[in-house]
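A, B and C are the chain letters, set down in written order, and residue numbers restart from 1 in every chain.
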Amino acid sequence: MLGTGLLKGLGVTAKNFVGSYHDPERYTTIEYPEVKPKLPEAYRNFPFLVTENAMDPMGTLRCVACQICEKECPPQCIYIEKSKDKKPDASGKMQIYPAIFDIDTSVCMSCQICVEVCPFDAIKMDQVFEIATTDRYDALLLRREQLAKPNSYYQSIHPTEAAEVDGRLAADRKAAEEKAKAAAAAKAAAAKAAAAAPAAEAPKTPPPAA
Amino acid sequence: MNAAFLATLSLELLPAQLRDMVTGWLPEPWRWLVNSILAIAVILASFGLLFAYLTLAERKILGRVQNRPGPNRTGYFGLLQPFADGVKALTKEDIVPRGADHLLHFLAPVALLAFSIMTFAVLPFGRNLVAVELDAGVLYFFAAGAATELAVFMAGWASHNKYSLLAAMRALAQLISYELPLLLSFVPVIMIAGSLSTQEIVHRQSGWMFGFVPQWHVLTPWGFAGFAIFMTAALAESNRSPFDLPEAESELIAGHLTEYSGFKYALFFMAEYFGMCALCGMAVTLFLGGWQAPLPFLEFIPSYVWFATKMLTLLLGFIWVRCTFPRLRIDQLTRFAWKFLVPLALINLGTTAFWSLTSGWTGGLQIARWLVAIALVVIPFQLIGRKLSAGLGPRTYRYA
Amino acid sequence: MTLAFLAIAFVTVAAAAVAMALRNLIHSALLLVFNWAGIAAFYLWAGAEFVAFSQLMVYVGAVSMVVLFAVLLTQRSPQSFREQPDSISRVIGALLVGGAVLGVLFGAVLSSRLAPSAATATPTISVKELGSLLMGPHAAALLIVGVILTVTLIGAVIIASTDHAESGKDES
């Protein structure tokens, strides 16, 4: 009958009206400042620097100031200065660390290339979006101290990815330890061999270093 | 006369008693004047408040239909939103185009609002609550309503903007087109009631069929058809979606309101809502039994509560329609009025004449009377509708 | 009551006079509408509610639109209005016609007997009686008016739809 289409349309809107009160599938609005949105895991916005220890962020930066990210950054928003001295890293090895590590977030385009190229898993993508400031220059230029965030934070925002990175790092560390152990063993064996045949060949060939 | 009835009576008479408390001490010659001013003040205050909260309700309901919360930041549930809007409109700059006719540009919103408010004078809000008792009340209502078209023209012409002027012409074409079905649809009520007085029309709808079915006009075949036509034309007369072409803000900027800003624009907005309220109130009076209770045992609730309930229901219906249907094109709009509503309204006059002439039929003839009247309503509706929508069919969009 | 009548009469006549004096045609038309509203107010003063509201609805609501549309659609530049008459014969013709209308009106006014005021109570005429009067004794006038309006309407439709022949069937 003529006009049933109109009634059907009225039914649709009525269903929406009633449904918005009890059906979260329909009512998708989040009242933002009070209720924070639940971001999808793959969401990324601006890089940050991973530290091993939340208590001592500057001392345990994974970054070794290799400057690959600085060179690869398409908008060139990263500025790094190497340190003069060396500090032990997480595995106790002496490493150079970044004396200055700045990211200009007003230039950064969140392309994730710095993350892709970093061989040390030291820089990762963040999930911040409340970055409005009243200052165009200094407040948007993030320093080393502001960029450093602990690994646990990384675990919380990108759990899958972080688990994979941690696994790889642990494997690397284990391999390095085994290698070091093997090297130590080889060294010891070589030393023993050298002790066994002291006088004859000692001055000619030194034992292999590694 | 038991206590409950007395309590009812006092509630029923409460407005009159309040009025007498305020004006009773005045000397007799002045009392009618102060009474009138009081009635005007009460109508303005209550409908002003209704307007404010109707805008909020509309935005809330529209929001919910579109699965979002609507305004909820100003006060609890956004209850202060209308006042925030009012302050915003008041403090905005009032821009008048350089070439505009300053006097008419100013006069247009004022005249529109004045005519819209004038229509409230004859609405019977309750058993004894009507500002002016006129013998030709219904005629007065539609005369004041017809004068609003003049204000629309003034707004369009005084803006000195060709788009405003064209929009005013388009708005007038629509308003005049829909004036006809609007007027034709209430003529049957006048035929049956034999009076143009609003109170008299309400009184004619009192009484109960079989002891519990109200004898409202809408519950008869001709009354239902008249009500449907009246409400459709009222939608168009008050520039409401889907007939909001005069002020199609998303497509035509704002029609004749393009050059209006600040409080003048707010006045237009206010007049639109007042017109809507007045037309809904008139529909309640003409077809829905006015201030009468829908069931006999509900008569203890004061009459003005019933009037308000019915009017608010119709207003919510307007909002519901607005959030459902897309806007019509201007040619579809006028075709709908002239080829569909006007013929149906004219046929409805015949149906009413039949109904009036056969009022003496009883028994089996009574059933025949109902069947014939229903057929007289449904068959033309189907035939004209089918003829008009022939070839329109379900559309296929080839490139979309 | 007389004061009210005088006020209404003054406003009505003043509106008409100013409408004639103004150069802006739209303003004149709007004042003409105001003038019609004044006449409606006069009917109301005289106790003829039905006629007053009919006057308001028909003239202020509908005829005013026709006038305004006509002014808008035929408006020419203000320079094309001339205040000097074309020829002396036209002036004489205009005076004759105007004088004749004035004479007829005055004759009608003067010859009508005024009922003694306040002698009769205001008659209350219900809509039903009004309808039977229109359909009974005055049916001929009503029919003639109806026929004239219908002819006008059909004429307007024919004028408006002449260019439909070449554009073919309109599609919606």
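The rule we apply is simple: a contact is a pair of C-beta atoms (placed from the backbone, for glycine too) under 8 Å apart; a residue touches a chain by one contact, two chains touch by 3 or more.
Computed from a predicted model, the values in this text were never measured in an experiment.
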Which of A-B and B-C has more C-beta pairs touching across its chains:
B-C
Quick check on this structure: which chain has its C-alpha centroid closest to the centroid of all protein C-alpha atoms?
B
The distance between the C-alpha centres of subunit A and subunit C, rounded to whole Å, is 85
Would you kindly tell me how far, in whole Å, the mean C-alpha position of subunit B lies from that of subunit A?
64
Centroid distance [mean C-alpha coordinates] between subunit C and subunit B, Å:
29
What residues in subunit A touch two or more of the other chains?
none
Using the touch definition from the top, list the residues of subunit A that touch subunit B in their complex.
1-3, 6, 9-10, 12-14, 16-17, 19-21, 26-29, 31
Applying the document's contact rule, which stretches of subunit C touch subunit B when the two form their complex?
26-27, 30, 33, 49-50, 52-54, 56-57, 60-62, 64-65, 68-69, 72, 124, 126-128, 170, 172
Flag every residue of subunit B that touches subunit C in the complex, lowest number first.
101, 104, 134-136, 139-140, 142-144, 146-147, 149-150, 153-154, 157, 165, 169, 172, 176, 179, 190, 194-196, 331-332, 335, 392
Taking the complex as given, what residues does subunit B use to touch subunit A?
61, 64-69, 72, 320-321, 323-325, 381-382, 385-386, 389
